[in-house]
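Going in written order, the chains are labelled A, B, C and D, and every chain counts its residues from 1.
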Amino acid sequence: MSEETYISDEMRAIVGKPFNEAVSFPVSRSDIRRWAIAVYYPEVPPRLYWDEDYAKASVYGGIVAPEDFNPFAWASASPGMTTRRAGFNADYLETTFGIQGPGLKTNLNAGSVTDYGSRMRPGDVISTSAHVLSYTEKSGRMGRMLITIIRTTWTNQSGEMVKQTNQTAIRY
Amino acid sequence: MSEETYISDEMRAIVGKPFNEAVSFPVSRSDIRRWAIAVYYPEVPPRLYWDEDYAKASVYGGIVAPEDFNPFAWASASPGMTTRRAGFNADYLETTFGIQGPGLKTNLNAGSVTDYGSRMRPGDVISTSAHVLSYTEKSGRMGRMLITIIRTTWTNQSGEMVKQTNQTAIRY
Amino acid sequence: MAQTATLPTVGQELPEFVRDTGFQHWNRYAAVNDEFIDIHMDDDAGKAAGYPTAFGMGNLTWAYLHLALHEWFGEEARISHAEVQYRSAVTRGTQLHIKGIVTAVRPGEVDVDVWAENSEGTRLAPGSATVHLAGS
Amino acid sequence: MAQTATLPTVGQELPEFVRDTGFQHWNRYAAVNDEFIDIHMDDDAGKAAGYPTAFGMGNLTWAYLHLALHEWFGEEARISHAEVQYRSAVTRGTQLHIKGIVTAVRPGEVDVDVWAENSEGTRLAPGSATVHLAGS
């Protein structure tokens, strides 16, 4: 282990601990319809996402949300309405736990690995919980970089896994 | 009547004729909540717009939409999903009627006069119809201007007037 | 939300309501009103239209006038009539001051002039409204 | 939506799926994902972050990969796994080409490499996915 590290003992201690726990408002048909319009823009989105009659006759038996639909956008039922954050804090994760972050300037979303389970549907109430899977360090073009992998799991009101994502953030 | 006019006989003939008739999808709690977040940004919006328990105890007896809420945003139940228009057509109104517009370059929203009736609520299905109230002309800084007043009426599923707006557009 | 503790009087100036403006505000409004128009989200388009920057939606100024009315008269007050003229564009970075003055008082009802001006005191959007006071 | 009429084969190149990019696309995506971040809606903020312009959301590229998968395998195909690496920013005006190639075929299931590249052929976001074919 090198003497110089971004990974403090405090940071090691939060690995595996839940954060960002939230419960969505019920997914509305309008949320799904608008999501589909946005990601298919400028094309008309498939009827599966907005035409109940069409969707009923499909294998899904009704409207479903696109796989990547986010039911936590804008506000969640729990925690409730909050003020919008202005600006960006690269230490957001550590701040959430009330510990000191590495104080780096840049935070990049480097990618994600996702397994999908049940499709989201109108009326679904989705629960989420995240935890840090790992902190690692690596040397790159930008010098020493901190790599954080966060695992987020979404579950529907029947307890079925909706998706599980490992998201990689690179800070330097 | 001057010899030179933007107002053709075809245009005079559409005055009073209905257009832009539409029926909204049912208003969702999510639509109202997001509207309130957007217009109150960066403040937290009043609970009346997103907290059913709070709203039940108010004179309204439940969540209502802000007066200026637009239930036709993104898509309407009738007419159905359409492709997004790219760019802006100052002759949009006349094009809707299949007649030739004055072909002017600039179209400004000069203002509006609105009477409000019943508040919109979750589940409401709003119908709308518009018609040209008047075409007039006036000389101004920008030369001869065409002034169009469009009256739009919104009605809820119980036949109650929700709002009536006279909107003034100036073209030159 | 606070309501005026005493009855409004003609000539009464209402406390100003202030909003900064910019893409954070405009794009959220575009998001809910489906008003994705280049002049409101792209400085280049604003310049092509003859303005120094992109500029805000008239409809968003309209929304702010309504927010101010409820700020002044309470969330249970009923706005029965409102009107506005859009005179000048709200360019990027303009601070909007929504101001009002009571112009008439009738039993349970007031008329107000309500308008948006910039920090230099130029009225960008003058308007007026009739409000039924709650509980009356 | 059309489905592949014949079974996919290893090495098969899938028809590219093209999207222009810019504020019309990004602000609609911000609208639904509440992703109102200055670097995505303000060229000045993009420049301050070291890019020539504002740039698009990684999440929107992610969405396009999913759209392409359904374009190729039908709307009833089930995506069970997907992954992506964001290597380069999608700056304003970039035309995205979503391309794919079949890497494995099992009964009722395919693995594909799926990626976003620019018009110069640079892979901005390489990824892969596993898709269960409809009716299998």
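Note that in this section a contact is a pair of C-beta atoms (placed from the backbone, for glycine too) under 8 Å apart; a residue touches a chain by one contact, two chains touch by 3 or more.
Computed from a predicted structure; not experimentally measured.
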Whole-Å gap between the CA centroids of subunit A and subunit B
36
What is the distance in Å between the mean C-alpha positions of subunit A and subunit D?
17
For subunit C paired with subunit D, centre-to-centre distance based on mean C-alpha positions, whole Å
41
Residue ranges of subunit C touching at least 2 other chains are 24, 28, 31-32, 36
Overlap residues in subunit B, where contacts from two or more other chains coincide
31, 34, 37, 41-42, 74, 84, 86
For the protein chains shown, what form does their contact graph take: line, ring, star, complete or other?
ring
Spell out all pairs of chains that touch, sorted by label.
A-B, A-D, B-C, C-D
Which part of subunit D faces subunit C closely enough to touch in the complex?
23-24, 27-28, 30-32, 36, 38, 41-43
Spell out the part of subunit A that touches subunit B in their complex, as residue ranges.
25, 28-31, 33-34, 37, 41-45, 50, 74-75, 81-84, 86
Flag every residue of subunit D that touches subunit A in the complex, lowest number first.
1, 24-25, 28-29, 31-34, 36-37, 58-60, 62-64, 66-67, 70, 75-76, 78-86, 125, 127, 134
Seen from subunit A, its contact residues with subunit D in the complex are 31, 34-35, 37-42, 46, 48, 58-60, 66-68, 70, 73-74, 84, 88, 108-116
